[in-house]
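What follows is a single structure, and I will ask about it in a moment.
The letters A, B and C name the chains in turn, as written, and every chain counts its residues from 1.
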Amino acid sequence: MQLFISQLLNGIGNGVVYASVALALVLIYKSTGILNFAQGEMALFATYLTWKFTEGDIPVVAAIALSAGIAFVAGALIERILIRPVESAHNPLNVVIVTLGMFLAINSLALLAFGTDPQKVPNVFPTDSFHIGDTNIQKETLGLIAVLIGECLLLWLLLQKTKVGLRLRAVASNPDSSRLVGINTGVMLMLGWGLAAALGAVAGSLVASTDTAFDASFMQIILVYAFAAAALGGFDSLVGAVVGGLVVGVADALAVEYVDALDGIPVVLPLALILVVLLVRPNGLFGSRTVERV
Amino acid sequence: MATDVDAPDEPATAPDSGVPLYAALPRPVFWARVVIGGVLAFAALYAPWYFQPVDNKVLSQALYLAVAAMGLNLLTGFTGQVSIGHGAFFGVGAFTTAILMVDHGWTFEATIPIAALLTATFGVLVGFPALRVRGLYLALVTLGLAVLFPQVASKYVKGSGNIALVQPRRREFSSLLDGLEDDQWKYYVCLAVVVVLYLVAWNLTRARPGRAMVAVREQELAAATVGVNLAGTKLWAFGLSAAYAGIAGSLSVMVDGSANATNPALYFRLSIEFLVALVIGGTATILGPLVGALIVVLLRRNTEDLIEGKEVLSPAIFGGALILLVYVLPDGVVGGIRRLFARVGSRRASVEVAPEPT
Amino acid sequence: MKRIRAVRFVSVLLVPLLLAAACSQRDDDDDAGTDSGGDGSGDGGGASSIDTADCLVDPTSEIEGDTIKLVSSFPQSGVTAAFAQIANGWKSYFEMINEEGGVEIGDKTFQLEWEDQDDEYDAAKTAANIEELVGTDAENAFSVFSVVGTSNNIAIRDNLGDQCVPDVFAATGSPAWGNPDYPWLIGSTLPPYSLESYVFAELLKDQKPDAKVAMLIQNDDFGAGYRDSFEQAIEGTDIELVQVETYPAGATADVSAQITSLAGSGADVFFNGATLIPCPDALAKAGQAGWEREITWVSGTCISKTLMGLAGENAAGVYSISNIKDPLSPDFADDEAMQLYREKVAQFTPDADVENGIVAYGWTQAALFVEALQQAEAPTRLAVMESVRSLDVGDDVGLLAPGTGVTTDGEDDPFMGERFDLVQYQFAGPDGPNYFTVVQDYDYEGQTADLTPEDLITGG
């Protein structure tokens, strides 16, 4: 029983990570309708920045805030310079190619700028645990959960309670009508990407801080799980992203513990999971159905 | 632009209308196409005599990539079902061929139809969930496949040295014709496969199945109301495109020498390459995947050692080139060329042009 | 009218093509100088232990000219680019030898030359690179040297074997390099993984005969090698392997679930068979989980300044084996060989991290190869390969650790890394000095084949 709880907590810990990245993916999708394959690498670059700042004796929380800020600006610029020119009526797959090109380029540039050695981001949260009976609850896990809740709260406040948020939602739902009522859709798109990039930066840096080290490939497997989480929850639902992340994380941890047949093929689980969910609810658990007009 | 009496720009995505070429196009355009086609065909046939074995290998790689990209084209370009998992089908084809050769002593050529059949079956199986799961979500499920395949292969395939590497002896692929060196022979085999499979695709897309595919892509609901069998079309599109990818995988065993799943990201990367080749070349065109494949392979090769001492940078250069290409040629290379011809041709004889249905 | 113009147009296009045909780039003189099926057996002095009857290229032909060309393929971009440091070690050594005049084989002197390509750790790329670097008739290189990665060497051994081109100092400890079907492939001083397991079992028999062992391994042949060898080594003892967990190969796999599981298994000994980042990560997670252990062992592949540095205090007291002097260890600060190494690396590859153990490893392989070259009977592939397969040197070559040495003996003993030290990590705080110190030495000369499950050597 105690082992079950430990693995459950492990799963929640990982799930929170997947959820944070999934939030960024969903945010971009909701605001610009694009699947951003480069999300992980953008987060990677920001994580390297965080590390570099901490090497320069900046306290880690400030370093994360700094790189999130830089990521925000970079994300907005990327939308304007790389994504927007390609977002026309030509071929919707063009944008996919651009994000893939970005994936390659950003990863390579990070290796060039920061070297190939694995690095460490200093711990943000205390590394010890609470002991409840026989169970250890790591303070890091609680910290990550708290940050996730904070992010969700901020996003909710932004989207539901501010004018900017209202505009963002308008542009996400109907860009043409929004333009007609005078909303500067361009700025809103940049805002969406900037926010997502900042979220990714925070997620990447926090994950790296809880791990022994990170290197240039660490976001890649996280991205796959984050995609699974977003698909599970529904790509246009922020709530779905969080729920999806937790489900994927927990399922993965429990599978490692209890299902020996999955030894060596752990990715079967998230895949099977999203397949089953999508067969029952083709738009994800919380996604909305699109009405098709003939 | 709107006041021109020119023929409307051919949208790159419209299939051929079935009207014979020489009637549909103005004279100079037609002859230009014949000449250029002739030159290219000659170049394709002569190439292996001109180039070194190393370069022929690169060309052969481009050719099997072209086969896979055409497969993806059938599914994604024409039928509108986005897949980023075709690398998995490629892998199934490759391992089928390699295992049949190494464990059961088959000759290479005999394994190709089996690989095609097996991957087609898998393709249809994958197509079933696709009936319910759509668009973005389908793309992600197929992505999962590409990530899953090397893990499954590593777990169940124990090849040379107990790793997921199955490597037939080099002599199994040696030339069957006396006048040809091994690398030339391999090139011609790939070329022959490309020609055959492309002709098949061309005929398919010009006929009823092609129209059904496009109908499914453009307006599923409307298509269903006019009697297009949605499920059937999707399923055999999946099966057929998977078979193409599987055949490409078989060819890769001949060209590269082995079926290899030791790199966990390989089949994902291949899936992306197929997609890139398709889009850069021009989706829903016939020559697009071939052109795209050539560009991708040559680009990758040339960016590899571009900056001495900074090999880390080569993926960045490659990625940057992709972004540039997409920006400059948003309809792919073939789409861009079509526009060019349309503009050139329509200035000469706007009367002769038979209107293309959109 | 238009038709004629078209025809002329076409014929004009054909002219440059015909010209191109006349001056083809392709050179077809494959048959110059290389025989197929040479019967170069026993070329003077003793029977060859290598059967050369089926060689596609004659291995007894002498090197033309006065350079020996070596080729290699290893990761230079991407996450595994850290392995490229190995090359800094051997390049420096070869430069030093060239500077001193070169290598003497018999009465001729040769300069060393080398070329390498990036394979991003991908075995398919390695095969393509080596094929290009060596050439279809082996005309471009004398030997392949220090290719990194087990699957990478496996991908090239068939073709190189057919061509009878040496592939020496393969940079992994796979027992598969002892496979008698591939006499042209030989490993390096990295101790075979199966021996590592055996030594660990011996350590336990000594210090904790009733140990309950938990093992973390990669989910591929590398991990399976550890597990199968260990299981064989503890047969008939009171040592129990209570649980094995695997993680997918890849630099940044997360192992927290696996460690939690192992920690909860009741084991009091931990065999950390992980490599790259998962290795220190496992140590850290084990510490965090509060796993009470008496003995922890790390894979020899984890002994590097970077990796152990990342584990920090969680690495204190862990055991492993090594046969290369650790540049970080104060024990060797005044060692002559170490000083020479530092000097030459700084001179020839100043960008290298001289304190990184893998650079020292690369240096040592080069030293051993030069030794083999100098002892070869003739400047031919066959003679050089046989020389590599009959090495017998002590710890005065390269940076071999004190008390170790390298002995090989054809088919009977194809393993180089059978003498090594048991080392233990000393941790003195984040500012060091942190290094591995020698506890005792082991000599398993000639015994690897006996101690390794047969399948690991000949499998596949």
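Quick note on the criterion: a contact is a pair of C-beta atoms (placed from the backbone, for glycine too) under 8 Å apart; a residue touches a chain by one contact, two chains touch by 3 or more.
Predicted model only: the values in this text are computed from it and were never measured.
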Most remote chain, CA-based centroid, reference being chain A: C
Pair with more cross-chain C-beta pairs in contact, given A-B and B-C: A-B
Centre-to-centre distance between chain C and chain B (centres being mean Cα positions), rounded to whole Å: 38
Centre-to-centre distance between chain B and chain A (centres being mean Cα positions), rounded to whole Å: 32
Chain B residues counted as touching two or more neighbouring chains: 151, 154-155, 312, 314-315
Where chain A touches two or more other chains at once, by residue number: 108, 111, 116, 220, 263-264, 266
For chain C, residues contacting two or more additional chains: 77-78, 81, 219, 248, 250
Chain C - residues contacting chain A, complex: 77-79, 81-82, 219, 245-246, 248, 250-254, 256-258, 260-261, 264, 277, 280-281, 283-285, 288-290, 306-307, 310-311
Touching residues on chain B, where the partner in the complex is chain C: 27-28, 31, 34-35, 38-39, 42-43, 46, 49-54, 57, 151, 154-155, 158-163, 165, 167, 169-170, 181-182, 256-258, 260, 262-264, 266, 304, 311-312, 314-315
Residues of chain B that touch chain A when the two form their complex: 12-13, 76, 82, 129, 132-134, 136-137, 139-141, 143-145, 147-148, 151-152, 154-155, 219-222, 225, 265, 272, 275-276, 278-280, 283, 310, 312-316, 318-323, 326-327, 330-332
List of chain A residues in touch with chain B within their complex: 29, 35, 82, 85-86, 88, 90-91, 93-94, 96-98, 100-109, 111-112, 116, 220, 224, 227-228, 231, 235, 263-268, 270-271, 274-275, 278-279, 282-284, 292, 294
Chain C residues touching chain B - in the complex, by the definition given at the top: 2, 6, 9-10, 13, 17, 20-21, 24-28, 30, 76-78, 81, 118, 121-124, 127-128, 131-132, 136, 150-151, 154-155, 158-159, 162, 174, 176, 219-221, 224, 248-250, 455-456, 459-460
